[in-house]
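First chain A sits with chain B, and in the next complex the same chain sits with chain C.
So, the complex of A and B:
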């Protein structure tokens, strides 16, 4: 549903999520260390080859993620033609395109659950400060549940105000809506505590319990 | 952090996502539309306070990074963090944190004026202070160019700051979420 993941069984799909994210981060740093068009262009070709060739992603899946910034890239290119030179403009645009395509490939070939696991793993050093990585997964799950809920409550309040004669969207509806959903969130918190997801630390923290989790 | 606080964090991450569903207002000649999502950044800070507000935006960005198309216009995935305007995204948790910090500072005498101060410093100044240099760095564009380019958004941002402040003051009266440390509360 709410994901840009494209199912598949390729080598790229099966590669560990942590490895893919690590390579992407390395690419992000590496591309800014070079000014050579051949290197930057080569990175774009490799990213496209991995996405379209190895991962067998449909062309549309990559294009959809790059499309929103097409105009920006064009503006950037024209700007460089006017202010600097063709070479700098080409490198700047190719660099951003390579990064965008590489990131789109990782997003399209990695399940949300695998990425949540990486986030939990990345957060594990924070245990020292009393953060429990599992609770991060809990917050993410709650957010995904709250999104349709907030949208539905907003629609209901808008209807109620329309029934009383308010014919257009007014910001006054934000206050009752917020109070309503804040109450609901507090209830969810209580329900979680009642089911044993309370604040008691799994093991004794070094200082104060649970600074943030 | 209590379970209730986790639920508040998740709630505001969701609210920022829902605000992304409001159709963005396109600005002629600019590739970036005006969206309602920074309104969510301001609300997160001025309703939840510094820590929970900042965390709410971190959770939101984490979901976007995982491929949920939650940014306005249905964008998402890791690629949005590599784009030239990604600095504005990175600034959101910091902006919410700063707004929350100022709101907590003003909490006792919090009214529309103080709310505006908090929302304009955190929700406009901080966001531009991070977003503008990022654009010039990523796009190899001089600072002045990316600065003048972003001036178009100032009127929209001012409107959002006023709306967020009105809502924050009303929510404080109806359902205050920020609690100051009890030590200082008993002293007053």
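So, the complex of A and C:
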């Protein structure tokens, strides 16, 4: 999600984020209600068709999402071959692949803003308990924004340690990283103030929010 | 991208005009036992004001006082008659702030989303937000990066995005806290041109003295006090001589 959005104007890109997330959730539930290889395999084919055909995503965008879990899928398949049977193993792997591809299609065709808006809408009933959904959305967006930044700072500290002879990864880097992150957090807090984040209203919105991508 | 309007928030800056400019009256500020600013009294009405001084002299605290990010321990800061202590939100709508490190200022994952953040908080209608985002993307050469992750931009592009994010809020004044410190020469010059072309009144805290050419007024902050105040032709050479 950090940089998975692939800009486009396809019907999948234009579909409301809430609908896409709803369909993804339904697919997730549905795939675990069936044990038929044809149905699960069909779901994978449909997910690929939507991604590569309707959304016109480059195959690399989807492959990049599947690549990190290839090994796990292979291990799962072998495990089932040893413990259960070929059919169960095939269904298990196809099921996860179908979900993975479908999730990749959703994240590649939906802006973070739209996904966050859905989360805010889902959290809106919590207002009665004093929760501000806009804050939840902002926290999610900021988490996505700052993960790579913290990783970058950690890499710099590792480089600085290596430059002074500490070749191995040491836990000692946690302290300077924590100090840097806390310092940055103070400035980010100021930036949020300066950019009006605290102007968020306490009152309930008058209409249901738009959640289209 | 669609941004929901926050109907409760005012889209316009409050129509309060009790005075004009930024006025500091006997302002002092302490961090615990340490006094970082003391007895500062002045009024800023010029279009372009520079602030220079050594590290730790109190420049950044001075800058933060101007838009209410820091409230003075003693004395009063008034922006167009609005007290930063009691009317901080209204003040921050009038005075934008650009930080030294753009990474700390950019809070959304992608370029366009971050540009929309400030106006969204101000309750600007979605169509107007979209218009401002497009305008800023075009003006600062970021149109090709609309949906790109902000962390993949170059340092110069990040600083331009930070400035554009503030401008999208349509402030009347902008305070820059060392906006070029982390930039190379080419990007420093680019940011300098951007500041020069701004319609808004600007206050620029900087170590890059070249940035102050053509400014109307330059303050030299030294040990928490304004040690010199005048035209750049007078104050900058005085400051340079002090550093020798």
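Definition applied: the second predicted complex is superposed on the first by the 136 of 213 C-alpha atoms of A that agree within 3 Å, B and C clash if a C-alpha of one lies under 4 Å from a C-alpha of the other, contacts with A are read in each partner's own complex, and residues count from 1 in each chain.
Convention: a residue touches a chain if its C-beta (ideal position, glycine included) is under 8 Å from a C-beta of that chain, and two chains touch if they have at least 3 such contacts.
Quick caveat: nothing in here was measured; it's all calculated off a predicted structure.
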Contacts of A:149 with chain B and chain C, given as first, second, both or neither: both
Contacts of A:117 with chain B and chain C, given as first, second, both or neither: second
Chain B versus chain C as contact partner of A:178, first or second or both or neither: first
Which superposed partner A:188 touches (first chain B, second chain C, both, neither): both
Chain B versus chain C as contact partner of A:196, first or second or both or neither: second
Touched partner set for A:5, first chain B, second chain C, both or neither: both
Touched partner set for A:46, first chain B, second chain C, both or neither: neither
Footprint overlap on chain A, where chain B in one structure and chain C in the other make contact: 2-3, 5, 112, 138, 142, 144-145, 149, 184, 188, 190, 192-193, 197-199, 210, 212-213
Contact footprint of chain C on chain A as seen in their complex: 1-3, 5, 7, 111-114, 117, 138, 141-142, 144-145, 148-149, 152, 184, 187-188, 190-203, 205-206, 209-210, 212-213
Parts of chain B lying in touch with chain A, wherever the complex brings them together: 1-11, 13-15, 17-18, 21, 31-32, 43, 47, 51, 55, 59-60, 62-63, 65-70, 73, 75-79, 81-85, 138-142, 145, 163, 166-167, 170-171, 174-175, 177
Chain A-touching residues of chain C, taken from the complex the two chains share: 1-4, 6-9, 64, 67, 69, 89, 92-93, 96-97, 99, 101, 103-110, 113, 116-118, 121-123, 126, 146-152, 165-166, 169
Contacting residues of chain A [partner chain B, same complex]: 2-5, 24, 28, 65-66, 68-69, 71-72, 75-76, 79-80, 83-84, 88, 92, 96, 99-104, 106-108, 110, 112, 115-116, 119, 135, 138-140, 142-147, 149-151, 154, 171, 174-175, 178-179, 181-186, 188-190, 192-193, 197-199, 210-213
